[in-house]
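Next come two complexes built around chain A: one with chain B, the other with chain C.
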Partner chain A sequence: MKAKKIFWTLIAPVAAIVISFIFVSIILLFKHANPFSTFQLIFSYGFQPGNIVAELNQTIAYYLAGIAAAIGFKMLLFNIGIDGQYRLAIFFAAVVGGSTHLPSFLEIPLIVITAMVVGAAWASIAGYLKVKKNISEVISNIMLNAIASGIIIYLLQPGRLGTKGPHSDNLATPTIPKSGWMPTISMFGGQLYTFGIVAIAVGVIYWIILNKTVFGFNLRATGLSFRAARASGVNAPRMVFITMAISGAIAGLTGVGECLSETHNYSLAFPEGYALTGLALALLGRNNPIGVAFAAFFWAFLERAAPILDLNGIPNEIVLMMEGTIILATVASYEVVKRINKRQQQKLVGSAQITNVESKVTKESAV
Partner chain B sequence: MSNLKTNPIVRILRSPSRTALAWVGMIVLISLVREFTGVNDITSAGAMEATIRFTIPILMAALGGLWAERSGIINIGLEGFMIFGTWFGAWFGFLFGPWIGLLSALLAGGIIALLHAFLTVRIGIDQAVSGLAINLLAAGSARYLAGVFFTGRPNGSIQVSPPINSISQFTVHGLSPFLSHIAEKHILIISDVAGILAGIVTGVNWVSLMLFLLLPFSAWILWHTKYGLRMRFCGENPVAAESLGINVYRTRFIAVCVSGAIAALGGAYLAIVSTGNYLEGQTNGRGYIGLAAVIFGNWQPSGILAGSFLFGLTDALRVRQSTSVHALLILVVVLTAAYGLTKIKKKDWKGLITNFVISGLVLAYFLINSRVPDEFVTFFPYLTTLIVLAFLSQRLRPPAMAGAPYHKGEESGV
Partner chain C sequence: MRTVTKVAVTHCRGRIEEGEMTKSKLRQAGAFVAAAGLILTAVAVGSNSATAAPKKLIGIAFDLGGKDNPGFNQLAYIGYQQFANSHPGWDEKDLQGANSDTDATRAQRLQLLVSAGCNPIVVVGFSYHAALQTVAAKNPNVKFALVDDSIDNAPNVEGLEFKAEQGSYVVGAIAALTSKTHSVGFIGGVNVPLIQAFEAGFKAGVAKINPNTKYQSTYASNPPDFSGFNAPDKGKEAALGMFQNGADVVYSAAGSTGLGAHQAAAQAGAGHWSIGVDADEALYPVNQKVANFILTSALKNVNVGVKSFLKDATGGTFTPGVHMFGIDNGGVGYSLTGSHISAGVRVKVNALIKQISSGEIVVPTDPTKINLPTK
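Moving on, here comes the complex of A and B:
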């Protein structure tokens, strides 16, 4: 029974990855490239020791974005606003970090908490609109993402909160003092962010809260059926609002590792598009903290390996297309699997009822 | 229900004559603003031309959104379809001329939309996931295809396509110089109307005209044909529609395909008419703005025209002269104050005060600053939509089942 359950859990993501590999292979064949040697190239380059550290660092950010999305999904909330939440959060965290000079044990928590608070605050706008005004969080978050970009670009101008670097024209926030830098671990010739510990902690807390607390139970119940949860005394609208804020707080952590251990400031070079990635990873990992971790590493791996393709005459955009197909194929295969399972269950129930009726009939005829 | 009847905005949008009156009122207001601030560019022929150029792509995206959402499918992939449209329009436009470019964008958009339709209608996956994945797929594909097809061509690279032959334009002779002449005199209202008309009749692009006509055409199909009635029915209550013998799957498939095709046309317009070649990232979020225009316009054709026009206008004014946007703040001041006054009749004192405070704050901003920062203008459409959503959400009437998956033979859950 357990083996069967694992089979049904894994079949969807595996099918999705296979489908997308086939799709990319077809594109590669059009381009007269050998799919097998291309994939081999991706794998051998991606697993080079020098790249693994960079991939792990990227995994930390993706993982946090994935968990932020997953906690929303548990409540049927589609937090497409992770992008805006994360960028606004890391921007303000970098500003706060750059303008304070505290000892490390205060400075680092200050920056991290600022990021979480800003992320939560920005997300709670969407949460408020959802609960009080019944506005889809997808629409309001798309708008909020665009507004966040505008606010950051406005505030990043020299003379407001940003400065121009001494050697470059890139706008950035002032550099965070050394006491706010987070140490890194040297391995394989790379620098691994210690912020990974926070990411792991977030994963563990996520699992505990969801599975071992009343709050987590209420959250899952509200996600399964808003009306039923409400009828049984859960303050469902409040749960929606809180979940959105928590999701935003975790989203706020997404960029902190990079900021504290590498760039030590915020600039427009910080990547965009974490929302879509986070949602994709949560879907791929089935909102499971370990599943999301694998998915995040896979994503980071693909993206790190992409540039090698260009050097071999294959456009690296196929990685983007592969990601798109993986998302679509994952969701589609989950839906198909869900329906197959449902049909099986119905059959099971149906046949059980028939045997019940039959046994009754035989009993009655015996009497 | 009483809200719907008493709301002045809804009442105005209800009847065509009142809608026309509202547009006239807007023109009078804008011309007063121009007179008061002395920013003559607001109603110049050039600004109007630019506004049309910026409005059409947004309008196409919004129309695409309207078709899909009225049938019950939310199409967040509009941006992606526009991106596909820019590439197909540019490549086939370069090979066979602009008209073939538009046509192939139309077809490509419709065919790619089959994917969105299949995933959301038949399989029933989350419509937002599908739409977002299509956006990702479109960005990747366009870059990939541009790299394969455009590089090595004259003036072509992975980011730019070779130039497309421009589409013939026509100017209404006699009328255009005459109107422009009046417009330059800056007489209150008369010059403004002349300027706007001059912008409309000067250098008219056949494509702009044809694409614009898609709006009344769609409105006619959706509200005055049997097919349109069925389609809107599928968006409101698919279970009931199915029980009356309407094929919900097929209806939604068609609607989503039309949606993708129209959005792709908007993208092709950007490549062929606005710039004359494909530029990477030239859609620049217009698909999302189109989505916003649908909400802003309360899922009504006249409303989405107003929304697209407003967003197109701010875009155009930003590009031409940012002081114009600053002048338009006065418009916001007057309109919020006027909306506040309508609350007196309902004795909604809180609403009155809120509107007056907003109006006062905007006025204060207008008086203190001499221009609006460009960064704010870029997110103006998004902010407007968010505010409209927040304040008028009770009065908005989206299709009841837009976004909810529907499986034949099952009650669709909310």
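Moving on, here comes the complex of A and C:
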């Protein structure tokens, strides 16, 4: 029974990946490229030791964005504000880190907690608007993303909180002192961020809270039916607000690994787009902490491998196409699997009823 | 790849016509051609350049957009082309940036060009600073150029920097001299220091001619959202607003966002002007219909810098450190396509250029330090 359940859980994402490989192969054939050697190129390059470490580092960021999105999804909240929450969080965390000189065991937690608090605070604006003013969190979050960018660029100007090198056009926050640098693990010729431990902890806590606590039960109940949960005594608006804040706090952690172990500051060179990636990964990983981890690694792997295609005259947009078709196919195949499951359940229920009726009949005839 | 296979086929046919081949030999030849074809296909997919005579490789790492995007990136590519035309035996490999780039992905891109055998390597855009710092240190034998930035104490990196504010100063003066309403506008792509320098130059040029000129300014996006360099719709909207507000000349330092501003000038009709940036935008095929509304373009000749670096790196005159390209050495300037600028204006502008070259005029890079009326 358990094996069967696992099979039905895995079938959708696996089918999605297969469909996307077929689709991309067709495109490649149109481009007169050999699909097999193209995939071989992606996999042999992607699995080079030095690249695996970089992929794992990227996985950490994608995973946190994915979990931030997943916890929102559990509540039917579409947190597209992950981008703004992450940016503002890592910006302020870098500013705080750059202006304090504490011993490591205080400095690093201070930076991490600042990031979480800022992310949560920024997200709770959207949560408040949703609960009190009934404003869609999608609209408010998109606006909050733009406002976050505006705040950062205002504060990042030289003379405010930012600095600019004499021969550089990059703006950055002051460098965090060495005590705020998070150690890395040297492996395969790369440097693995130890911040991965925090990401794993977030995944475990996410699973425990959702499945083993009253809070998690209330959260899932509110997500399934806001009104039913409210009727049964759950303070549903409060749940929405808190979930949004938690999602923001996790989103706030997204850029911390890179900042603490690589750049040691926030600058214009920081990436954007974690919101959409996070939402896609939560979808692909079915909001499951392990599923999202695999999805995040797969994404990081594909993106790391993309440039090798360009070098061999194959447009790297192939990888984007693959990602896009995987997401579309995932949504479609989940729906298909859901329907198959439903039909099977109906059959089961139907046959159970028949046996029930039959046993009743035999009992009655015996009497 | 295909041409090579074809050559092999015709070569065999030639021999058959000479009657030197029996049937079995012919079959062998067929098998050979098929095998050769297969191998070539495999090789071609593995590495495109392997079939041609081995050429020395120049690597180019582009910023967002890549070489097909008219403007900044494309100019870097043109610089390579100009070099390759006069120096046969060189080929290029290029990779381009993405929105999701981290310093790690940028470093990977550069390292990939190094391991593909590229030397020298042109790196386009300030966002590569940190990545190049690591990769340059790891590969001391490879020569790099960094466009719009430089790295201190790196013995194998030339920093190619452009005094874009000087070119903007000149078009600012042209705008103020051309404007009949004494009102001009500025559209920046993304609100970063690089573009702020363009605005400062433009504003200062306007102020030099007429300090009472009404001045409007806007940026299409804030970092890390760099979409403002590629949003013609926003450019059009902003320019139309400025024209409605009384401006008759609008300068866009905003990549392809400026295409929208040119369209806005055409829509607003005769007497409204748009000014382009980086390359001579009146020559872009995409601007063909609106070219008559492009007054001039502030040139930032990235190609000049790239070409000079490639000559240095391949000719033994490589000198690390900052290389400045200004109005005095053809690094920046303005375009004359369409002859919309009157002779009188040109005389005044050329006098200003002389003053900038001699250092008599120092063009500022901070737009907030220059005051012009907004109403």
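Criterion: the second predicted complex is superposed on the first by the 340 of 367 C-alpha atoms of A that agree within 3 Å, B and C clash if a C-alpha of one lies under 4 Å from a C-alpha of the other, contacts with A are read in each partner's own complex, and residues count from 1 in each chain.
Going forward, a contact is a pair of C-beta atoms (placed from the backbone, for glycine too) under 8 Å apart; a residue touches a chain by one contact, two chains touch by 3 or more.
Just so it is clear, the structure is predicted and the values come from calculations on it, not from any experiment.
A.B. asks: Overlay done on chain A, so just call it for chain B and chain C: clash or fit.
C.D. replies: clash
A.B. asks: Mind working out whether A:I318 is in touch with chain B, chain C, both or neither, as first, second, both or neither?
C.D. replies: first
A.B. asks: What is the contact status of A:G150 with respect to chain B (first) and chain C (second): first, second, both, or neither?
C.D. replies: Once the two structures are laid over each other on A, A:G150 reaches both partners.
A.B. asks: Considering only the touch criterion stated at the top, classify A:T100 as touching first (chain B), second (chain C), both, or neither.
C.D. replies: neither
A.B. asks: Pick one for A:P271: touches chain B only (first), chain C only (second), both, or neither.
C.D. replies: In the superposition, A:P271 touches chain C alone.
A.B. asks: Considering only touches as defined above, state whether A:E335 meets chain B (first), chain C (second), both or neither.
C.D. replies: It touches chain B, and chain C stays clear.
A.B. asks: Does the superposition put A:I327 against chain B (first), chain C (second), both, or neither?
C.D. replies: The first partner, chain B, only.
A.B. asks: If you stack the two complexes on chain A, which partner ends up touching A:N288: first (chain B), second (chain C), both, or neither?
C.D. replies: A:N288 contacts neither chain B nor chain C.
A.B. asks: Taking the superposition on A as described, I'd like to know which of chain B and chain C A:S136 touches: first, second, both or neither.
C.D. replies: first
A.B. asks: Just to be sure I read the superposition right, which of the two partners does A:N34 touch: chain B = first, chain C = second, or both, or neither?
C.D. replies: In the superposition, A:N34 contacts chain C only.
A.B. asks: Show me the chain A residues, by the header's touch rule, that chain B contacts in one structure and chain C contacts in the other.
C.D. replies: After superposing on chain A, chain A residues 146, 149-150, 153 contact both chain B and chain C.
A.B. asks: So in the complex, the part of chain C that touches chain A is made up of which residues?
C.D. replies: 41-42, 45-48, 93-96, 99-106, 108-109, 112-113, 116, 126-127, 129-130, 148-150, 152, 159, 161, 191-194, 197, 221-226, 322
A.B. asks: List the residues on chain A that touch chain C in their complex, please.
C.D. replies: 33-34, 37-38, 41, 51, 54, 57-58, 61, 87, 146, 149-150, 152-153, 164, 167-171, 258, 262-263, 267-273, 277, 303-304, 307-308, 310-314
A.B. asks: Can you name the residues of chain B that touch chain A in the complex?
C.D. replies: 74, 76, 115, 119, 123-126, 128-130, 132-137, 139-141, 143-144, 147-148, 285, 288, 291-292, 295, 373, 375-376, 378-379, 382-383, 385-386, 389-390, 393-394, 403
A.B. asks: Residue numbers of chain A touching chain B in their complex, please.
C.D. replies: By the definition above, chain A touches chain B via 27, 31, 78, 80, 129, 133-136, 138-140, 142-144, 146-147, 149-151, 153-154, 276, 279-280, 283, 315, 317-321, 323-325, 327-328, 331-332, 334-336.
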